[in-house]
Amino acid sequence: MAEVVPLETAVATLVHDGDSVALEGFTHLIPFAAGHEIIRQGRRDLVLVRMTPDLIYDQLIGMGCASKLVFSWGGNPGVGSLHRFRDAVEHGWPAPLELEEHSHAGMANRYVAGASGLPFAVLRGYRGTDLQGQTANIKPITCPFTGEELTAVPAINPDVGIVHAQRADRAGNVQLWGITGIQKEVVLAARRSLVTVEEIVEELDPRPGAIVIPSWAVTYVAAAPGGSRPSYSLGYTIRDNDFYVAWDEIARDRETFRVWIDEHVLRAGRGESVTA
Amino acid sequence: MAEVVPLETAVATLVHDGDSVALEGFTHLIPFAAGHEIIRQGRRDLVLVRMTPDLIYDQLIGMGCASKLVFSWGGNPGVGSLHRFRDAVEHGWPAPLELEEHSHAGMANRYVAGASGLPFAVLRGYRGTDLQGQTANIKPITCPFTGEELTAVPAINPDVGIVHAQRADRAGNVQLWGITGIQKEVVLAARRSLVTVEEIVEELDPRPGAIVIPSWAVTYVAAAPGGSRPSYSLGYTIRDNDFYVAWDEIARDRETFRVWIDEHVLRAGRGESVTA
Amino acid sequence: MSHTSDEMMTIAAARQLRAGQVCFVGIGLPSTAANLARNTHAPGLVLIYESGTIGAKPDHLPLSIGDGILAETADAVVSVPEIFNYWLQPGRIDVGFLGAAQLDRFGNINTTVIGGDYASPKVRLPGAGGAPEIAASCREVIVVVRHSRRTFVDKADFITSVGYGSGPGDRERLGLTGAGPATVITDLGILAPDPESRELRLTHLHPGVTLDQAREATGWDLAAAPGLAETAPPSEHELAALRALTTATPATPSRGNQGGG
Amino acid sequence: MSHTSDEMMTIAAARQLRAGQVCFVGIGLPSTAANLARNTHAPGLVLIYESGTIGAKPDHLPLSIGDGILAETADAVVSVPEIFNYWLQPGRIDVGFLGAAQLDRFGNINTTVIGGDYASPKVRLPGAGGAPEIAASCREVIVVVRHSRRTFVDKADFITSVGYGSGPGDRERLGLTGAGPATVITDLGILAPDPESRELRLTHLHPGVTLDQAREATGWDLAAAPGLAETAPPSEHELAALRALTTATPATPSRGNQGGG
C-alpha cells in the first residue's frame, strides 16, 4: 500500500546518488515539484530517464545532478533548444553527460516491457536510422514464425519512477485523466515509485477518461499542489506558455540559470515549488 | 469511416465460407445476435477464434458452421461443459473440429500483436505445459539482451472481427464501458470488422470507464438491441444466468439442441435475436 | 453448528488469505473463499479477476468472472491484455487460486483432456484459461479441489498448468517466477509440498476425516507430513459469514477452473 | 491580399490533405497546416497527436502536442504506447507531417546532431521523438521545412528518420511499410521524389520564386521535374482562414520536429 508522506521525505527516502530515475509525464502532468526537490537535496550521478527531457531535465542537468540521460526528444516544446542540455553535451558543463538516445516508440515500448516483467520489447522501428549504431540497446530480432526481421529494445526498470497526477485518496489510490501518456507504465516498471498529486481527497469519484493506479502498486504518494507547473494538470492548473518562452532566455546563460535556480528552487521553501 | 447498416447486410457482406472469424467479448458484451445471423446465413468451414468459446460458439459449432476452433477456455461459465463443443471434439458431430489451443495470456497477446501490426508477441507463458506440443504456434524466443528464453506466439489477424458495444453515434464511432476485455484489440487486429450496438445515439457523451473506437477503424456498425443476450451489456441488459444453466440441458442432446436453434435462431425474424 | 465438507473446504481456503494480500480469483470455490476472507478476517484483501477488474468489492458472489458487480465495485477496470501483462506476468500478485480436473503428486494441473490422446480424448475439458500463467507467475498458488482418486492422480494425463513439474529444480529451470502450489485445500484436508521432494503430502485433516480416508481418495501413496494436524473446525462466525454469502447467491458448480465467458 | 512565404508554405501544405484522411501531426507548421485544412477544404480530416489524442478538434492552435484542448476535443485519448503500437505502427495513418533540421537528396531527415561526430557534435538538436516511426509507418510522409542550403544537404550528418535511404529499393529492404516522403513543402516551392531515382526534385515553384533561387537554396544539384508548375497563390479564403487561426494563437517557432514535453 502506498504511504502518503511529505514530498521531501519521499524524495529523501527514494532517490539516492547514482540511481536511475524516470520523471515522466508526456506533455501534461510533468512532475516539476519532485524534480526541484531532487535538486534541493543535491543528488548526483543520476541516470535520468525521460521520453521528453524538457525544462525539468534542463534544470537537473544544469545543476549537475545527472551523469547520463536516456531519452527520445530533448527540446523546449514549441520554443526550441534546451540550452543546459546542449551545454552539457556540447561543452561538458557543468559535467559531461552520457547520452542514450531512442525514438518515442522505442522508449514507450521499453517502459511497456518494464511494466510487463519482460526483458525486452519488439517493434517496427529504428531500421535504417543512425540511432541503431549509437547504443547496444537497439538490436535486430527475427520473428520465429515469419522470419521477418524487427527491432528489439530492452526493458526499462528505473530504480525510481516519479509521476504527477490530479488526485489520490487517503489510501494512496491514484487517479489521473486527460493525456495520461506513459505514467502508468513508469510506475509499474519502476522498482520504487512516487506519485505527487494536486490534492488528496476522501473519495475518487469516477471521471470520464480517468485511469486509477491502485495504492498497492505505488510506494509513496505526496501532495504537491501546483506541482506540475509550468506544465499543467488538467482541471487544476493551466500551462504557463510564457514561462516556456522565458526559459529560453534564462537557460541560455550559465549565470542567469544559476541565479534563477537559486531564487526559485534552492531558496524556495521546502515542499513548495515556485517556478514562475 | 464505418458504415451503419442492418445486421443481416453486415454479416452477408463480411463473413464468407472459410473465413477466420473472431467474435469476442470477455464475459460481457458477447455478440450473440451476430453469431445467430451467421447461423441463419448458413456459413460453413469457418475458423472460429475466441478466448472463451461459450454458448455462442457451442451454437455455431453444433450447427456445423466451423471446421476449426482457436481458443483458450471452452466451457459454460459457472455451469460446466459445452456439450456441442465436446460432441464435435469427442465424436466429430456434426463435423470434425480441429482445435488450436492456447492460454488466455497467449490469446490476448496474439490479438495485441495483430492490433499492433507485429507478426508475433512475447510472453512469459506456456513453459513446462503440454500445450506447447500441440501447435506450431507456440515457440521459444531468446531475449537478445539477457539471453533469457521466453515464449513467442504469432499475431492473430482474423478476416472478420465482431464485437458488441453499448453505443455508436451516427458517424459510426463506437463507445463501450464496464469490462472492455479484448474488444478494441480484436477490431484493430481484424481485416474487416463489425460492431453491433445496443443503440445508435446522436452524441457519445463521455462516461467513466468508457473507451471509444473511432469510426475510421471500423468497417460496419449495426444496431442490435439486446444483441448480447443471454450475456449482458452493462447499463442496458442483465446477464440471464438461468439461461446459462438451462443451456446445459438444451445442448446435452443433439435433438433438443436442433429444436432450440430452429425455434430461437432459424425461425426468429432476421435482424432480431431470441435467445431465451 | 454442523457443517458440510464443502463448507470446511471453503473456510480452510479463506483462512489462507491475509489482509493486504492481492489475490487472483476464479469463479466457484476460489471466489467464494476469497470473498469470505474479505468479509471476515482479511477486509483489505485485494481481489483481481481476469476479466480486468482490480480491487473488486462485490457485496454478493459474482456469477461469472465478468459479472457487472465486479466492474462496478472495482478500483480499476483494465483490458484483458493489461491484466495479464501488467499485473499478473511481473509477479505483482501474491496468491493465485486454481481448481483442477486432475492434480498430480507434484501439483501439476490438468484442465484440458482426460483419457485417449489429445486429438481424440475420452473427456474434453474446458482448457487452460488463465491458469498456466497464474500457476507460473503468482507468488504462490492455492489449489482448491475435492478429494477423489479421479482427481488426485499419480501423473496428470496432460499438464495444463505447471506445479513442480517432475520434482525439485524444475520451476527454476523453466524460469517460472512464482513459488508454485504451496497449499492444496480439499474437502478432506490440506496438502503441501515436501520441501525436499516437492511431492504433495498431507499436513492437515479436517475434523472427522481419517488418514485412511484421505489415502483412499488419492491416486498415489499419500504421505503424512510430520506433525499432521487437525484443521480447526469452522467457527460459528465463519459459518454464518459463509452462509450469508452463499444464500445471497445461487450456487455455482465448482469444477470450473479459471476461465469464463 | 499579399502573403508571406511562410503563409504560402503553410497553405501549400494544407492543400495536400483531404477530408477523410487520418493525419499524424506535430506542433508548429504541420499543426497549423492540418488545422487550416480542417477549417477549409477538409472538414473531416482526423488529427492524431502523439500525446495520444485521436480525432482532436481544437478551435485554436494547440501550443504543445499535449495542450489540454487536444484531450478535451478528441474522439479518444489513449496512452502513448497505444498511439504508437496500435495506431501508428500498423499503417493506419494516411499522412505523417514531419519537419527537419537537415533533409538530404533522398528525403532522409536529421534532427539529432550537426557537425562533429555523434559524441561531440557541433550542434545538438532535440533528437528523434516520434519521427523515425512516423517516417517508417505512415502511408505517406509530407515534410514541411524552410528552404536553405543549411537544411537541404547532399547527405545528412545523421539519419534520424529514413526517407528513401540511399535510393531505390532501400525502404523495401528495410521493411518500412509506408511509401516515404511523397512531398516536401518549402517556402520556395514543392519537391517530390523522382519515381526512378528517388532523388527529390522540384515540382512546383511558389509565385514569384525562380528556379535559380530554389537551386541556390539547395545543397545538391536540384533538378526540376518535367512540367514544373507554379503553385496556385493563396486564395483570399485560405489566407483569411490561416490568419484567423494564427491570430487566435501566439506564434510558435517551426523548427521543432515531432516531439514535445
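Per-chain numbering from 1; labels A, B, C and D assigned in written order.
The criterion applied here is as follows: contacts are C-beta pairs under 8 Å (C-beta built on N, C-alpha and C of every residue); 3 or more make two chains touch, one makes a residue touch a chain.
All of these numbers come straight from a predicted model, not from anything done at the bench.
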Checklist line | Partner chains that chain B and chain D have in common | finding: A
Next item on the list: If every step must land on a chain the current one touches, say how few steps get you from chain A to chain D.
Entry: 1
Notebook entry, point to check: If you tally the C-beta contacts, which comes out ahead, A-C or B-C?
Noted result: B-C
Margin query: Suppose each chain is reduced to the average of its Cα coordinates; what separation in Å results between chain A and chain B?
Written below: 40
Next item on the list: List the centre-to-centre spacing of chain C and chain D in whole Å, with centres computed as mean CA coordinates.
Entry: 56
Check: What whole-number Å value describes the gap between the mean CA coordinates of chain B and chain C?
Finding: 28
Notebook entry, point to check: Going by the touch rule set out above, which residues of chain D reach two or more other chains?
Noted result: 85, 89, 137, 177
Check: Can you list the chain B residues in contact with two or more other chains?
Finding: 117-118, 123-124, 148, 150, 184-185, 209
Notebook entry, point to check: Each pair of chains that touch: what are they?
Noted result: A-B, A-C, A-D, B-C, B-D
Note to self: Show me the residue ranges of chain C that touch chain A in the complex, using the header's touch definition.
What the structure shows: 20, 22, 44, 46, 54-55, 75-76, 85-86, 89-92, 137, 177
Next item on the list: Show which residues of chain C lie in contact with chain B when the two form their complex.
Entry: 27-28, 50-53, 63-68, 70-72, 77, 79-81, 84-85, 88-89, 112, 118, 120-133, 136-137, 158-162, 165, 170-171, 174-177, 250, 252-253, 255-256, 258-261
Checklist line | In the complex with chain D, residue positions of chain B that touch it | finding: 1, 115-118, 173, 184-185, 188, 211-214, 216-217
Note to self: Could you list, by residue number, the parts of chain B that touch chain C in their complex?
What the structure shows: 26-28, 30, 51-55, 71-82, 85-86, 89-90, 101-105, 108-109, 111-112, 123-131, 134, 148-150, 178-182, 184-185, 209, 231-232, 234, 238-239, 241
Check: If you look only at chain B, which of its residues touch chain A in the complex?
Finding: 117-124, 137, 139-141, 143-146, 148, 150, 152, 154, 206-210
